[in-house]
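Both of the next two complexes hold chain A, though its partner changes from chain B to chain C.
So, the complex of A and B:
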């Protein structure tokens, strides 16, 4: 077993194990910190897939942005010690059963489908290709998503300022 | 490692995110489930673009767009969660039954 396979297994295991802790942890803050390892594991998997720029983006945006936002949210809103984190046991069982069913279906699809596999050579540097692509092939979605980002930031600011009816 | 390894990891990630969304009552925990699901979709995009004939960067560009949308979603959802908290002193989504402010 070479080093690359070992790393892939390690990152995959890290991702799945910490995601399981996100889903089942009895403490919300633990789930939030576990999400850090999930994002990091996925970034590692991106590296093993040859997507270096995407891995850096994942660390910057997910860990540096979204996760910090979520942790702030947890710390700002968990002043209620009595609030239940999860649903009751019966609905929990239903959710787990549904998840197991879906997992079975997905695994069946993954292993039954005949994927047309090939192994094209990796591009030397994905950042250059992506940058050129964003300015040529994907220019329209790039502009649309920029406007969407601006709009959602303004919307989030507006929502967070005029909260709870008191203007 | 073959494509199947990444697909299985992504499937597990997706199912865990879904279970998280179904079995949690806390709004922030629900958001975490959404992030897990988005990550699994991204992993699929990148793995398929690596292992099939498609141009290798198409999947990665799509994944970057998904990351941008996830950032938008997290910001707006956080604002909504804070509003919910100020209105009813808690973020139990089962208790949030009123849509009218």
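So, the complex of A and C:
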């Protein structure tokens, strides 16, 4: 087994183990912090697959943005950080059914997909290719996403302004 | 294999040892420097007893810190409490892995280098939050919340200014950003009025925001002793406290190094004729200049209030950084 496979396995294991802890941890905040390692593991998998720009973006957006926001949300909500999560038997059944359904769909997709057996050489600089792609071929989707983000930002500002009570 | 993988595989053992030495020696040196600078500015002598001019004082303090008992209080969240210092320390360690110490230093020639350096500070933020919450102490939690709010806010102007530098240099590799500033101090991004004058303003924005990023005065609210006892590390002692301490001084040096690489040519000499002085000396010299400046400001300015802190970031630095990005881009397009 070469180093690359070993690293892939390690990162994969980290991702799966920490994701399992997110799902099964009885403490909400522990689940939140466990997500840190899930995101890190996924970033590591991206690196082993040759997508270094994507890996760094994953860390910046998911750990620096989403995770911090999530933890802030938990910490600022009274009684949430210490809340013990418990799931009743009926919910457990629903969860199992949904999980099995999703697993089946994913397995179907994995086995149906025609995976290419030969790979083109990996680009030396992935950031450059992505940047050029965004500014030429994919300019319209890129702009649409920007407008969507701008809209949600303005919406959040509007909500924050009027939530204070003084209208 | 990708570039990031190669970088990791060939340079990990070597870099780790060098960086471990740099981080440790840096803490010893910076603490001594901080004591002496603050003493001189207040017309005192500072440490004088141990060794010539008290030079061994910080070494003795470090030994004392390592010998101290590792106190773990009863009401804390054990696993998170124990994990937090390692995450914070590991992240501040990782920034040095992509810093180019000299010409042709291969570990630093990562094509997403500067982006990596920005992203990795997310781990510091998460680690500080972990430490503050798991301590089960309101002072720690207040300190952590302040620290995180501050770091997340000031990340925005920093990223915008870094983007402007990347735009002008045409690369995210820190090595190539250094190379693009070759040929003397008048070509450095932070000083060159003839290349792109907006980057000089960007340099100023970066410096102010970086003070907030590393929780230094006038932005030291997360550790305000008079209000919060000690901030997010109040409950820590012994070796675990030492790790926070090391990473704090490592971060001071790291933002100095980033400022040097982005705006002052990195390892480039002041003038091409001074090229016989090796690159690492230039880099560390400039970076320690920044550390000195941070200490100087600490001894000079009072602390900001929380609302003033947010005002400076969102109403002054962010619009200014936006201006630097847009106008700098226009300048590059039309004149550069």
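Just so we're on the same page, the second predicted complex is superposed on the first by the 138 of 167 C-alpha atoms of A that agree within 3 Å, B and C clash if a C-alpha of one lies under 4 Å from a C-alpha of the other, contacts with A are read in each partner's own complex, and residues count from 1 in each chain.
Everything that follows uses one rule, which is that contacts are C-beta pairs under 8 Å (C-beta built on N, C-alpha and C of every residue); 3 or more make two chains touch, one makes a residue touch a chain.
Small disclaimer: the values here were computed from a predicted structure and weren't measured.
Student: Clash or fit: how do chain B and chain C relate after the overlay on chain A?
Tutor: Once both complexes are aligned on chain A, chain B and chain C fit side by side.
Student: In this superposed model, does chain C or chain B come into contact with more residues of chain A?
Tutor: When the residues of chain A touched by each partner are counted, B comes out ahead.
Student: Taking the superposition as given, does A:99 touch the first partner, chain B, the second, chain C, both, or neither?
Tutor: Touch partner of A:99: chain B, not chain C.
Student: For A:22, decide between first (touching chain B), second (touching chain C), both and neither.
Tutor: In the superposition, A:22 touches chain B alone.
Student: Who does A:116 touch here: chain B (first), chain C (second), both, or neither?
Tutor: first
Student: Give one of first, second, both or neither to describe whether A:53 is in contact with chain B, with chain C, with both, or with none.
Tutor: A:53 sits against chain B and chain C alike.
Student: Pick one for A:125: touches chain B only (first), chain C only (second), both, or neither.
Tutor: Touch status of A:125: second partner only.
Student: Please give the least Cα distance, whole angstrom, that chain B and chain C reach in the superposed model.
Tutor: Minimum C-alpha separation, chain B to chain C: 12 Å.
Student: By the touch definition above, which chain A residues appear in both interfaces, chain B in one complex and chain C in the other?
Tutor: Shared contact residues on chain A (touching chain B in one complex, chain C in the other): 4, 48, 50-51, 53, 57, 65, 72, 122, 126.
Student: Over in the complex, which chain A residues touch chain C? Could you list them?
Tutor: 3-4, 7, 29-30, 33, 36, 47-48, 50-53, 55-57, 59-60, 63-65, 67-68, 71-72, 75, 81, 122, 124-128
Student: Please output the residues of chain B touching chain A within their complex, sorted ascending.
Tutor: Against chain A, chain B makes touches at 1-9, 11-20, 22-29, 31-33, 35-36, 39, 42-43, 46-47, 50-53, 56-57, 60-61, 63-65, 67-76, 78-83, 85-87, 89-92, 94, 101.
Student: Quick check on the complex: what are the chain C residues that touch chain A?
Tutor: 1-5, 8-9, 77, 79-80, 87, 110-112, 115-116, 118-123, 125-126, 129-130, 133, 141, 145, 148, 152, 155, 172
Student: Residue numbers of chain A touching chain B in their complex, please.
Tutor: It is residues 4-5, 8-9, 12, 15-16, 19-20, 22-23, 28, 31-32, 35, 38-39, 42, 45-46, 48-51, 53-54, 57-58, 61-62, 65-66, 69-70, 72-74, 76-77, 79-80, 83-87, 91-92, 94-96, 98-100, 102-103, 106-107, 110-111, 115-120, 122-123, 126, 129-130, 133-134, 137-138, 141, 145, 148-149, 152-153, 155-157, 159-160, 163-165 of chain A that touch chain B.
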